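Reviewing the structure listed below.
First chain written, first letter: the chains are A, B, C, D, E and F, and each begins at residue 1.
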Amino acid sequence: MNSPMNQLGIVKRNIVRADKAAVEKLSRFGVATVHEAMGRVGLMQPYMRPIYASAHACGTAVTVLLHPGDNWMMHVAAEQLQPGDVAVAACTADNTDGFFGDLLATSFKARGARALVIDGGCRDVKALAAMGFPVWSRAISAKGTVKATLGSVNIPVVCAGALVHPGDAIVADDDGVVCVPRAMAATTLAAAAKREANEGDKRAKLAAGVLGLDMYGMRQPLAAAGLRYVD
Amino acid sequence: MNSPMNQLGIVKRNIVRADKAAVEKLSRFGVATVHEAMGRVGLMQPYMRPIYASAHACGTAVTVLLHPGDNWMMHVAAEQLQPGDVAVAACTADNTDGFFGDLLATSFKARGARALVIDGGCRDVKALAAMGFPVWSRAISAKGTVKATLGSVNIPVVCAGALVHPGDAIVADDDGVVCVPRAMAATTLAAAAKREANEGDKRAKLAAGVLGLDMYGMRQPLAAAGLRYVD
Amino acid sequence: MNSPMNQLGIVKRNIVRADKAAVEKLSRFGVATVHEAMGRVGLMQPYMRPIYASAHACGTAVTVLLHPGDNWMMHVAAEQLQPGDVAVAACTADNTDGFFGDLLATSFKARGARALVIDGGCRDVKALAAMGFPVWSRAISAKGTVKATLGSVNIPVVCAGALVHPGDAIVADDDGVVCVPRAMAATTLAAAAKREANEGDKRAKLAAGVLGLDMYGMRQPLAAAGLRYVD
Amino acid sequence: MNSPMNQLGIVKRNIVRADKAAVEKLSRFGVATVHEAMGRVGLMQPYMRPIYASAHACGTAVTVLLHPGDNWMMHVAAEQLQPGDVAVAACTADNTDGFFGDLLATSFKARGARALVIDGGCRDVKALAAMGFPVWSRAISAKGTVKATLGSVNIPVVCAGALVHPGDAIVADDDGVVCVPRAMAATTLAAAAKREANEGDKRAKLAAGVLGLDMYGMRQPLAAAGLRYVD
Amino acid sequence: MNSPMNQLGIVKRNIVRADKAAVEKLSRFGVATVHEAMGRVGLMQPYMRPIYASAHACGTAVTVLLHPGDNWMMHVAAEQLQPGDVAVAACTADNTDGFFGDLLATSFKARGARALVIDGGCRDVKALAAMGFPVWSRAISAKGTVKATLGSVNIPVVCAGALVHPGDAIVADDDGVVCVPRAMAATTLAAAAKREANEGDKRAKLAAGVLGLDMYGMRQPLAAAGLRYVD
Amino acid sequence: MNSPMNQLGIVKRNIVRADKAAVEKLSRFGVATVHEAMGRVGLMQPYMRPIYASAHACGTAVTVLLHPGDNWMMHVAAEQLQPGDVAVAACTADNTDGFFGDLLATSFKARGARALVIDGGCRDVKALAAMGFPVWSRAISAKGTVKATLGSVNIPVVCAGALVHPGDAIVADDDGVVCVPRAMAATTLAAAAKREANEGDKRAKLAAGVLGLDMYGMRQPLAAAGLRYVD
């Protein structure tokens, strides 16, 4: 790994992406399911919201490190994007400026990218919705940015509290954004599938009026913990 | 009332609910009207937002006290829900974890509950919208929770700044959430009806170009307070 | 300009509005474009959000200075509104109370106003959406306000971080709210038109796979700044 | 209890205060100890901070309900204060205005009040520190307030998330503010004393290098929960 | 005034400063007094806090407009500072980076500046306290900034919600920061002196146990507003 | 590295700590200097504040991953602490509960730990100050926690936005907290020393009235960027 001192001003071209087939299969699951399948880790903070309802995306991460108010690296990142990628942009400080709009989205889409996840602001949201390019961001803001300072592309970044390496799998929907480390894609997929297989049966029982207290066998542990029923 | 020292680990089974007929009639009014009818009290803080647009709910409160990151009590609460209830969940600390998702919603709905109001996070929002189970929450988050610590069900709770007793009437819509104390349901209903009766007439006048300054007789008190018109 | 000591309790009746034709033409552009055309100034903070999606408004500012929890001046402002105006309300302290609802909106609309921009809360959002009166606000809240304290109408105000003089042009959409000083309307319009004229061509190139790196000639300055590509 | 509809514009003169002797003894304990003795309830939110370091106060609550930007009721409350009281002021909306300064503090002190706890702003903090009148507040702000709207004195209030009835015991120090319901003062005192009695012994053991893992017997339950030690 | 389009990249050298004698006399008053003397306007938002306790400053504003993460203009501003000035720095976006540290403070101090007010972050706070150079900021942060983008010096800025023109008088203490427009310095001074003259007498009465209710003649207006005393 | 699925419930006993001599030398530098020496990376977010003024600490990280409202792992971590360590605690969700107080501090101190850095709350701050055990935290809160859920010790954690591996060097002072990756300790030390060597000379020049504009040779690049001086 490059030293932090050398981490600004770098573009890593050859990254190893998570297995394409596994990522495609992961895309069938929601973020909550994948996060549970991961052992309840890897989730970005809940201030990351989709810019339009019912957005859903799954792909491999190309990471970007930005400086506040400066989107120069987004253009550098565009060249590194491949079909099936999701751009993941972190910033060295909390910043809500509009780093990304419809022109960049046009470029990202032409490169085959599926979405942007950005710990910063986004603009042109109406146009982005119209072209169907989903973005998860911490803010919507028309504020423009400059192109003056070097960040990096495809270094490990902390985005909205989650560590993301280039090539990791990213799943995003209405519930938030989760990062699945590249080496974990297959096992997470298996765990997610197993989890979901169980849910249909549980849902049917609950819909029929069975209580979780009984279905999950919670009455005894609750009593052991001291729960008291009073009238 | 149980002492605070005894308030954790309690489930109160027999609660007195606000008058069913009054609650049904209250459901015809919006939150803003009910809040005004109450004398401008009882409102939860505005960070409580519906997870989907145009949600509306009215019912009797079954209260839950949660610990951060732990949704065990939600399962305990399910058993106490009756048709027409709204679950109201408070947490002992600010927390945005996803305490509630589609499985719990299936169970709550099967019990006849109409909605959840939670000073915490909610997940599976797409599924919840699809099944038409409305939730007002402080956050949307995929983050899962554990089942390890006792809270309580049907004790008085402070939820998003509002005091809620079990059995109180809860009204929630796009404008927020208001709690009507059980004993106040009838008088609030009367005040809301009276208020709304006046609004149609006012609206027609205002639409016709009459100014509130004249309709409400504000010109004299404004002048008395010292308002000056300059050119 | 009136002195601050005299600024509370004033209504300025005769204000000079930005050129009507220029404002109408400005309404064809989005907030992001106008903000860029202004030289990246004049934008309100991103917490100002439309109460419903796809809202768009453009008009001349009638300003209001409110006190927290008090909407008396909104009624005073109604009388000063003319067709094509946008009311812009600031508050002397951060406050999310519901200063504005469907009755005031009915009045504002009858006066010919096109929208409200308020650094405070708004209520009756469902009704406002139904009547098509757009509002940009810092919060949605059912909380009612009193009518007890004098503020002012048509004095310069700082609203969500932007300085707004009465008569300035206001443009608002999904991306936020921007204020164009009255004297700048024509030049801003010209700059916006010029900017947009270039965008179609750029968009087509980017959609065809041309990289911004090449289209904007960024490779040399990036190299000069020290950007390194590694494998 | 008065109905909410009647709760604005009321001053309750005769309140029952927590037992004086119990309150005096409670003052020997810190907020963290009292909160634990209460069963981990009753704490205000952590944004409530003392305006100067090492402040400590304990007394019986006289409650105030304020409107944003209006401190009229503080003057009404002054008359209800008795020696040994702590004023507890809530506000109907989040507001940071400076409701309280050195003149009111002079008056409160002359009445025998020991402190103010306010879910709002405070000013003149240098003078307050000089006169030794402690305040716990959500903000420090020079912003002045008006005297125009009725709130109430000595009704139950929700202050910074905690329910406070007039006459309850309030304990406040560097760690925050806790409310002990009047009827709980004696039992809380006993529990706090018992808790503190154990702490000296524990502290000595820990200082000598004994681990909490052993002192509290945690190794077995940790192993049972599945904790694994790896190299 | 320069147009907004021309406002970035400008340094105005000749500014008219508020009357020196008036500013010196203003420095005897606290921020709360000056803010009241102004008619309760001109105050910055309460998140602006001194980096060390008991800081107090008064002087004439040299304004700076910064971009997030970029402190280049601070060096440009240094040259414009004269003895008795207070630098007032705004930023085009919310940003907490450490724009200012001990080297810049050494330079500012050598120029005769008395303080910095910055709607951004500050670092080296220990050294700044040691050298006695007070700063009011929205954050303390070690994060360094770049020198890449032009802002401006001595244009009107909105700093923490307050409009500041170059040459205005700035007063700052533990309670916050207030801006007195240049043309208002003398009248504000007179009003502040008059206000303070009355306070000594009031303080003595309140200390002697006279109630504000009586001293300010509030009992009648409270009764007229409907205040009810109950037992 | 263990997979995320296996990352909960793990205690890694053998960690490689940054070179002791390098860490001791690093402790001579402030956080701002170290952060600059690192190339402006590695800093935690500025909400991390010391619980008392003038705190300073430097040591090697023992990491802890906590769940909201649960401090069980702090006791597990105590056993892994060695003289010269700094405990660094992250939490799986934003939480301000008081995970740490004087008893744990007594234990940590007995183990030779120098400080705690916690992305959560801390209590007993008066006692901690008295015993001289510094803590950097996101909040001060008396709120107690439970001991019910497994987290981990000595896995990589994201704490307040910074990635921290066990054994990394941590430097903390009034300006914030920075993490120096273990492998970078020596080079960072050299860069910090070099940086500080230059500062004395610069400080003397600036104190003598030399402008940064001249000392840093900024006039030409500012002019090239288009800076205009106007009168």
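Simple rule for what comes next: a contact is a pair of C-beta atoms (placed from the backbone, for glycine too) under 8 Å apart; a residue touches a chain by one contact, two chains touch by 3 or more.
Here the structure is a predicted model, which is why all the values come from computation and not from measurement.
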| item | value |
| --- | --- |
| Given chain C and chain E, the chains that contact each of them | A, D |
| Neighbouring chains common to chain B and chain D, by label | C, F |
| Same-residue or different-residue interface between chain D and chain F, half as cut-off | different |
| Rounded Å distance, chain D centre to chain E centre (Cα mean) | 32 |
| Intercentroid distance (Cα basis), chain D paired with chain C, Å | 42 |
| Touching two or more other chains - residues of chain A | 40, 92, 94, 96, 143, 149 |
| Which chain pairs touch, all of them | A-B, A-C, A-E, A-F, B-C, B-D, B-F, C-D, C-E, D-E, D-F, E-F |
| Interface residues, chain A side, partner chain E - complex | 67-70, 92-97, 143, 146, 148-149 |
| Chain E residues touching chain F - in the complex, by the definition given at the top | 2, 9-14, 72, 75-76, 78-79, 96, 98, 101-104, 106-107, 109-111, 121, 123-126, 139-144, 147, 149-150 |
| In the complex, chain B residues that touch chain C | 30-32, 35-36, 40, 43, 46, 49, 54, 173-176, 178, 199, 202-203, 206-209, 211-213, 216, 218, 222, 225-231 |
| Chain B to chain D touching residues, read off their complex | 3-8, 37-42, 45, 92, 94, 156, 158, 161-163, 181, 183-184, 187-188, 191 |
